[in-house]
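One chain, chain A, appears in both complexes that follow, with chain B as partner in the first and chain C in the second.
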Partner chain A sequence: MEDRQESTAPQKEVCSRFKCRLCGVAPFFVGIVVALVFGWWLFPTLMFNSQEQPVQFTHDTHVNVAGLDCNYCHKIRPDGTFSAIPTTKECAVCHQVLLGESRAERVFWDEYVRPGKEVAWLIYQKQPDNVFFSHAPHSLENCNNCHEFSKTELCLFCHVNVKDKAPTYHENRLSGYSKDTMKMWQCERCHANPNHLAGTAANNACFVCHK
Partner chain B sequence: MSATQEFRIKWGMVIDLDKCTGCGSCMVACQAENNVAPAEDGLNRRRALNWLLVYRLSNGKPFPDHDIAYLPRPCMQCGKPSCVSVCPVVATTKDEEGGIVSQVTPRCIGCRYCMASCPYHARYFNWHDPVWPAGMEKTLTPDVSVRPRGVVEKCTFCHHRLMAAKDRAYAEGRDPEKLPDGAYVTSCTEACPNGAISFGDVNNPEHKVHELIKSPYAFRLLERLGTDPQVWYVSRREWVRRLGDNYLNNEPTKG
Partner chain C sequence: MLDRRGFLKFVGGAAVGTLATPVVWKGLDDLSIWTQNWPWIPRLDKGNNLNTYISTTSKLCPSACGMRVRLVNGRPVRVLGDESNPLSRGGVSALASAEVQLRYSPARLKRPLRRTADGTFVAIPWYEAEALLRAELVKAARDGGLMCLSGDENGTMNELLSALTVAMGSSDFYLMPGEAQTTAAAWKSLGGRGRVGYDFARSDFVLAVGAGVLENWGPVVGNRRAWGRARPQDGEPAMRLAYAGPVQNNTAAGADWWLPIRPGSEMAFLMGIAQLLFAQGCPSAGVESFAELAAVWTPEKVARATGLAPERLQQVVEQLAAARAPLIIVGTDLGQGGEAAPVILGMALNTLLGRVNQDGGLRILPEPEPVFPRAMSYGDMMAQDFTAAVRAVADKKRAAPSLLMIYEANPVYAMPRGAGVEELLGSAGFSVSFSCFLDETARRCDLILPSAMGLERFDDVNTPFGLGEIFYALCQPVAEPLYESRAAGDVLLDLARLIGLDMGYATFREALEARAASLGLDWAGLMKGECAISRATLPLESLIFPSGLIAEALEGRFIQPEKGALAVATFTKLAFGTADSAIPPFATKLITDAELTAGELSASMNSATIRELGLREGMKIRLVAGEMSLPARVRAFEGVAMGTVALAAGFGHTNFDAFNNGKGANVMDLFTTVEEPGTGLAVWRCPDVKIVKA
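Let's look at the complex of A and B:
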């Protein structure tokens, strides 16, 4: 710059030359912005499609209005397997008649209870085939040997919040996995915790979680 | 993995070769349990997958003295596994309580170093994608993942059964690290009609195998390689035990 000011060229020309230089770098900055928008917002959005649950189920109604305990539907069976989502037949224990006026109830009754069809629920947490997961060791009793978690706290470590309305399900268009599928680093928040390595159940050996 | 990890629990298998009739039930049970697809040509040893393979042994003598034995060979789950140290991608490890050598196939890049390093030929490479004849996919075990073409697989001592046994222990409020004898057995153990295969924790005095491995007739394959296998064989026949290792002509057989 000093060179230019000392040069004999008229001021006007210097200015236009400077402007031109700005024009030269402008596309570079625009390019960065476009790339950032594409990489951080557009691509991740395009990567996933959005699906709504076939029935607008609310946990709030079942827990707070109907007064059901979590264990009523989500229980560990005597052989240690987890019952996960109840079948339509199990739901029909209560839903043998229309309960309430809501549209979701109508849809559930008409399309699933009456024909005796299973609901194709979209599972937010569904894991790939090479993952072994069991609810049995991840129980409140086991974790609370050392921690002081509430039921909600513990569930929310891995699960999306489903308290009010069933959240939108995002599916990866390439892999077919749910966006909310737990990633390995999320499992490792506990499994790779040095305090857990001494205890055998929660350690980070490959075969503890993989098959 | 130069330092060997010691485990409190050591799942071990004891196979009585004098009881084995070579019927092959264990091979069938293994294949069905572990989702090994039926091979087009199962006799092709270079292509077929046999997590458990029954070998035929012979004493090589003519008629009146001729004798044969059958030797089922699962993965030995070595205490010092040669496959683990050569794996460039940590797809196979020995880091879980119980000492079962893991094989995480999505991580495997199919380089087959482990196959070359395994002195027992217990590892197999998937040359083809598995195909089940229509309808047979219903026989798949849900807890065992299916492996694609291009990865190495091996016997895992039916590891999913260990997990199931632990889950049951949790549900019943028992200690999952102190499974009683018989709570966890492999499918070959269950399938053997002659009871030749015993399975359990060799470190636990309450398990039958704890005593069985102390038999003077017990031996392990190629013991002097130092792999420290977790599979023991028992035979009262000296020539069978002699085939278990590379003895020099003037060396006495162990046991």
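Let's look at the complex of A and C:
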């Protein structure tokens, strides 16, 4: 017994020394884990605030119920400029009277149509002023010279899906831009694609987008 | 329990872990993007903005470009060429295309300014400025001491200003010296009546002597469009161009033939052409004196005076003889202050070739009838010589004006330093400048009134200089005047009414409506951008060749510069502004080494001249002419005639804006005014210069 005891004592010592070493580096690993959790889970949440659109607009109602075509509101004018989001006056062509009994309709009519006020829509794809973007060359007609995009697929290439309820708008607390604002690398998926150089005018030169 | 060592380990782990998260990289990225949104950075008004277009005409560009101004939500943002304009046909000059942005120039005057006793300016309200000017007008009306200078080249505004001057008992209304006066004086010397235009677009061979027809002479945008149409890429050219001048400027670069001649030798060149034409059998009946004068100007003699090889002169004459519709245009590179004698010779040669009142030739146009009662006629305005008047005041040969009124002109900058403009401003009882910009002249006046720009007021263009047709177009306001600027025409009509003068119209727009009616034009059409063109001409009456005048003008010329001295040739580009404007911010990128080297004026010489003078490229030098000197840097350019230094005009502003001030030097500092032998006109001349290493 004594012999056995004598023989296990050094083993225990090794084991406890190993445990101590583990205990010694544990705070380091805990620090890594905490940082990872903060950085990947908490930080993205803290960086953005969440805002809802001033009016709960649904494309679904306008397209599927009212039967409007996208071009009815978002059109490229003959001079190449894009009409973007319609003005309240343009919306009032249909909404001159209350259409339905939804809360969103009531808010829109009371707060915007009747006083003739523009809605401060939150723009998911808002780009900095130093980016010159025109919808005209990014058209279905141009892209489908080679691709076979549907209208929805092409729009969703850059825009968030707004088919049903308008999604929550996330604004970066530091930069002030939308979480969905495209970064340059996203533009470069097409602009830096060598296959585009032959068939389109979309090269990746600075002055193409930055005037 | 976490001890100190454990805590540090935790922090270390957290730091390492953070590097594997987006915190640092995303944070830095967002931080850099945040700098785009600082509150003092102006923002674009993006969104569903309505685009509209208004057609108008440029008052800033002397070629009267037809412009389609694009407005976004009522705010002008861009100038496009108007395809429907019969003159500029969709073309637009760099100057006109910058007109929208020039509204916001840092040099733009915001409110009336009055000079105080200590020489500084204080802002005053319009009613105070008007009261001040009204009092000065009343005083000037009493002693007939009003002198008025206009920078407008072709508008009805000149009629208002001349009518006001005459109504105030004075005849001192002047236009800024330009090619129009020189040409008018030349035509008058030949005994012609009406005004002269050149039918550039219909000619098949143009010989431009000194006139930068593709860069800065006459209706240059229209010229360029006509040139482009006549020279299809895949077809035979329908027009050929030869340019004679000392510098291979943009016109020479575009021409089929560049004929390098020494500065000031244009008359010898033209006499050489006349000699060859007569020798080849051109009828001399009626112009015997011309033939007699020209007889001695053999190609060899011309070569000695001009430096041009005799066979090249011969080639030009062959081209003239072979052309169906040849045209000779004589002008100056500066577009102002030129001599009339070479222009007389050019007109005489056109007459000799039978090109008067022909398509593609020299055309005699009727003068416009004034719409303002008491206004000076076109001919009378052209006969007024501002350079001579300034000289007379500076030399105390005539009384200084009690009131000097300057309308959109900058003579302090644009006229020769030795012309006496400073003395005129110093001796005038009171001086007032109607100006869009706080320029060199405005800063020397007692009262500065901010003028609405061409895009902010009603104005007109009545046949730009050089055009071979009668042309009329309207300028209309596309936006409200910025700041407190006002249309000078309306201000003057108000003041005239207040001092009891009946000018015939309550507003300047009314006067323009009367002008349109007098021309039989529809006002609504003009407002839509329609222009009127008429090819009516006056019949050619017998012209008299002024042989005595020409003989006198030829005397004592063509003396070679003394050893070590260089003749000066100037050149300019329309993009660098005009006599009453400056380089627009957008055009600074058009400045090349040919004009400025390391911020200093480029003194371009051919390499043989540089070697001869012991200079090297890039060397800092001074160009010295008498007491005047100009800093510059040597630039080697083979497109400059031997013994000549080429300098760009349009630089060296001292009081304009950050885009102009301190850039290069003003070539006008080297110029002086002299009386032209023969015609007696006060013309500008640059003496030969010596080069001194700085």
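The working rule: the second predicted complex is superposed on the first by the 197 of 211 C-alpha atoms of A that agree within 3 Å, B and C clash if a C-alpha of one lies under 4 Å from a C-alpha of the other, contacts with A are read in each partner's own complex, and residues count from 1 in each chain.
Going forward, a residue touches a chain if its C-beta (ideal position, glycine included) is under 8 Å from a C-beta of that chain, and two chains touch if they have at least 3 such contacts.
Model, not experiment: these values are computed from the prediction.
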Return fit or clash for chain B versus chain C, each positioned on chain A through the superposition.
clash
State whether A:N130 touches chain B only (first), chain C only (second), both chains, or neither.
both
Look at A:H210 in the shared chain and tell me whether it touches chain B only, chain C only, both, or neither; answer first, second, both or neither.
first
In the superposed arrangement, which partner chain does A:A120 touch: chain B (first), chain C (second), both, or neither?
neither
Can A:L98 be said to touch chain B (first), chain C (second), both, or neither?
neither
So, A:C146: does it touch chain B (first), chain C (second), both, or neither?
neither
If we overlay the two complexes on their shared chain A, which of chain B and chain C does A:L197 touch? Say first, second, both or neither.
neither
Given the superposition on chain A, which partner contacts more residues in chain A: chain B or chain C?
C
For A:A66, decide between first (touching chain B), second (touching chain C), both and neither.
neither
Between chain B (first) and chain C (second), which does A:M184 come into contact with in this model arrangement: first, second, both, or neither?
neither
Could you look at A:L46 and tell me whether it touches chain B, chain C, both or neither (first, second, both, neither)?
neither
Which of 41-49, 95-103 or 131-139 hits chain C? In chain B, it is stretch 41-49
Find the residues of chain A that appear in the contact set with chain B and again in the contact set with chain C.
77, 79, 81, 129-130
Which residues of chain B touch chain A once you look at their complex with the stated criterion?
8, 90, 93, 95-97, 100, 102, 104-106, 143-146, 156, 159-160, 163-164, 166-172, 176-177
If you look only at chain A, which of its residues touch chain C in the complex?
24-36, 38-40, 43-44, 47, 77, 79, 81, 83-87, 90, 126, 128-130, 172, 174-177
The chain A residues in contact with chain B across the complex are 76-81, 129-130, 132, 134, 136-137, 139, 142, 200-201, 203-208, 210-211
Report the residues of chain C in contact with chain A in the complex, numbered from low to high.
2, 6-7, 9-18, 20-23, 26-27, 30-31, 33-34, 36-37, 43-44, 46-49, 51
